[in-house]
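Please see the structure below; I have some questions.
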Amino acid sequence: MTKKIAFVSSRSPDAEEALSVLTEKYESVDPSEADVIVALGGDGYMLEAIHRNLTRRLPIYGMNRGTVGFLLNSFDENDLLQRLENAHEAKLRPLHMRVTTSSGVQQEAWGFNEVSLLRQTRQAANIQVSIDGKVRIERLICDGCLVATPAGSTAYNLSAHGPILPIGSGVLALTPISAFRPRRWQGAVLPQDAHIHLTVLDHFKRPVSAVADAHEIRDVAEIEIRVDPDREVTLLFDPDHNLEERILNEQFIP
Amino acid sequence: MTKKIAFVSSRSPDAEEALSVLTEKYESVDPSEADVIVALGGDGYMLEAIHRNLTRRLPIYGMNRGTVGFLLNSFDENDLLQRLENAHEAKLRPLHMRVTTSSGVQQEAWGFNEVSLLRQTRQAANIQVSIDGKVRIERLICDGCLVATPAGSTAYNLSAHGPILPIGSGVLALTPISAFRPRRWQGAVLPQDAHIHLTVLDHFKRPVSAVADAHEIRDVAEIEIRVDPDREVTLLFDPDHNLEERILNEQFIP
Amino acid sequence: MTKKIAFVSSRSPDAEEALSVLTEKYESVDPSEADVIVALGGDGYMLEAIHRNLTRRLPIYGMNRGTVGFLLNSFDENDLLQRLENAHEAKLRPLHMRVTTSSGVQQEAWGFNEVSLLRQTRQAANIQVSIDGKVRIERLICDGCLVATPAGSTAYNLSAHGPILPIGSGVLALTPISAFRPRRWQGAVLPQDAHIHLTVLDHFKRPVSAVADAHEIRDVAEIEIRVDPDREVTLLFDPDHNLEERILNEQFIP
Amino acid sequence: MTKKIAFVSSRSPDAEEALSVLTEKYESVDPSEADVIVALGGDGYMLEAIHRNLTRRLPIYGMNRGTVGFLLNSFDENDLLQRLENAHEAKLRPLHMRVTTSSGVQQEAWGFNEVSLLRQTRQAANIQVSIDGKVRIERLICDGCLVATPAGSTAYNLSAHGPILPIGSGVLALTPISAFRPRRWQGAVLPQDAHIHLTVLDHFKRPVSAVADAHEIRDVAEIEIRVDPDREVTLLFDPDHNLEERILNEQFIP
């Protein structure tokens, strides 16, 4: 039996053209009736599609009509049904951040790649770092820091000099951005069940923003970060380019 | 003939107490009548004292009553006249930044340590980098970047994984903060007469702030950075701990 | 029932003195009759004791009478029986290396920390890197490279700029030493079941040696490295300083 | 008046073919009668040609018939006389190393790129580092270390995570290879007139070799390294790709 497909696309001309070609060639249904979502765009749009459909728990097959394309399959208008049939599943669970702002408001958001903090003004961020209830760094003076999943370890985390982590390694990277004190602190690799609690010290003088994937919260006072065991997304990949292979391959690009 | 001293201090209790002890023990004059300024505080205050007295061209002797103290001499209430007599001079020239903001306003500021750019929101900074009129990077995607002098190379630059530069090396460090593209770009060491021109691409969508030492300008569209040949400050150091020795020593701290 | 202890020590004066104190205070038996081995020395000796007793499969409790002491408990002549009773177990499996030398001889050895290759002369090592039968780097030009376990990730691997890996993360680090080509290659984190096959190219002109912990083999032509599923050592740690905690803690040392 | 050219080449087929084409097209003389040497090969051969002709003090123009080609001009059989006429000069002074071996023999050699030390066996190198007569590191435990000139800073030094140094910066890089202690020591940038004195501790147990460019000395006990003020080589570069521009450009390669 053929799967019912909901096609979605970013607003870029390339993605919209691909959308019109595919919806002419294959039947398209609304996401509420679909068995699978096919997302057309770049990595940024793919993350957006994942977030939009998180509660629907449908598998998502991305095709690259944008930039980078790490989470995406190559684009081809032909043989889509066969490719969906043969695709491998990769299950990703997001980081959950619970933020208390300087004004006392609580907010939450999810990040499949990372949750990051960055100073908002010229004042260096001063952050107390606790892991599983134990203070590990009393005062991290820095531009910011981030917590990355294995899937996100090749994104912002890599730019901030963090380590690439294989899918399935069961770890998270805690990576500083421009650490001033402790001098030359290079971050840590943590078990995936770690509870990370970051307190922004002097948060009125030294305001800091938090970002989970594309969702930003300004003026953070405290933030708790952990993998959310209750949310999960299923991505589909062509067998010869599954996510595990991509992340392994990423590490050998010259 | 004894030099006329203007004592200045930060507002920290330690620094203010040192000020009262020293002004009781030695004669103090207004900076407008002084031969030398003695500044009491930490590295942050020392930079502030340098900026405040930049046009007066008086030598500045700092004594450490604060944190870090890289630009400072050790504190001792005794033998000050003798120490001033024996001190070595280090001449520093600042970076000058000329900023054009998104609204078209032009502003300038000076930085003895560094001039830095950082994104203001979750949108990654996109910066075109030109050196001496030649575009070297079409689009640097990053959290930001900075240009550091040798004197500042052990400060923010070191935190951002930039190289330590000896005083007198005649070079500047151009160091990215979390470079995403070009992938793993590690920055460059430039001749000190380099003219660095940074253009913030998509600056309305991707706002970026600039900081020269402690002076911040928001919403930068373009920035030109070069060493200012016409401004110079003279710092005084005890002979056994002059700035050249300090920067050399800094590189061998375990 | 009290465990029968075999005390062993390095030849350093401190360790030998500790040995005589402890064997006077507690009964000591030959390793062949023991339930547990108590090793006295530094990290180097601890590795030696692990290798010597690998086939006996006895748990080993180390006490620090030497340098570093990462694999060791603190020394105290009192309460040893109680500490052994309360100790937590950490199970480690070594890397196995199977080497073919330039003269065609096959040799094998085991490394709990790492297996490493290094050039023997001024000629740069040229190494082909295969993972699970797939060539990942045709020609790695370098001083050498190493494969580290999580337990060894804070040792040689860290010196060579490799990532710290948590115990239980199920990964290995493949880390180059002074990689010349591919330019700036930073190594890879691999699944723990990876089969790593390194071929030394031009091995007569460019001789390379291999080391597994302290065992060295010269003039390597080929080397296969993987975790040995059939060998395992049980280390004992005081509960407040178990190996997992140590490696986590190691990452937050300023 | 036309310059008299001595053509020399490496033994690679490409270089030898270029030699025969050029010596047919242009008159070739013996180096002893030449005004300029034209060297055909890769970077390795270029260094060899520099060393061979060091005492002749002739300018050398290299053309790339090998790999990398950082010190070389692009190959073209035409317009050679014009290119020699227009070429810019870059003057390089080598590092001089004076080695005392374990057996007490003294040897010396010169390196335009770098002087490096590396352990010969599995025993880590233990090196005492002195700069200008002052001990800066009592015991550097490592695979080795190197001192690089600006011209050599993009070669071995870069592979060992050292900084790129601009021509004319008047500095040297002292860069460790896999530093174990001091933990995470990243090396130092030194004034070009620095006298570097390295003592190999426990040199019988822990043998170390020294290499200056391609010249290797085994079993080093002590080594003194400094820029030799009395030796100088003149390299010729096409104006649009002079050495300064190359090193600047090298830093912006993605």
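In order of appearance the chains are A, B, C and D, and numbering begins at 1 in each one.
Operating definition for what follows: a residue touches a chain if its C-beta (ideal position, glycine included) is under 8 Å from a C-beta of that chain, and two chains touch if they have at least 3 such contacts.
Because the structure is predicted, anything quoted here is derived from the model rather than measured.
Participant: Among the remaining chains, which ones contact both chain B and chain C?
Facilitator: Common contact partners of chain B and chain C, which must touch each of the two, are A, D.
Participant: Name the chain whose C-alpha centroid is farthest from the C-alpha centroid of chain D.
Facilitator: Comparing chain centres, A lies farthest from chain D.
Participant: Measuring from the mean C-alpha position of chain A to the mean C-alpha position of chain C, what distance in angstrom results?
Facilitator: One centre to the other, that is 35 Å.
Participant: Need the CA-centroid distance for the pair chain A / chain D, whole Å please.
Facilitator: Roughly 45 Å separates the two chain centres.
Participant: Note the residues in chain A that touch 2 or more other chains, in rising order.
Facilitator: Correct list: 184.
Participant: Across the complex, what residues on chain B touch chain A?
Facilitator: Chain B residues touching chain A: 118-122, 142-144, 155-156, 158-161, 177-180, 184, 209, 211, 214, 216.
Participant: Sort out for me which residues of chain A touch chain C in the complex.
Facilitator: Residues 129, 131, 136-137, 163-166, 168-171, 181-183, 185, 187-191, 248, 251-252, 254.
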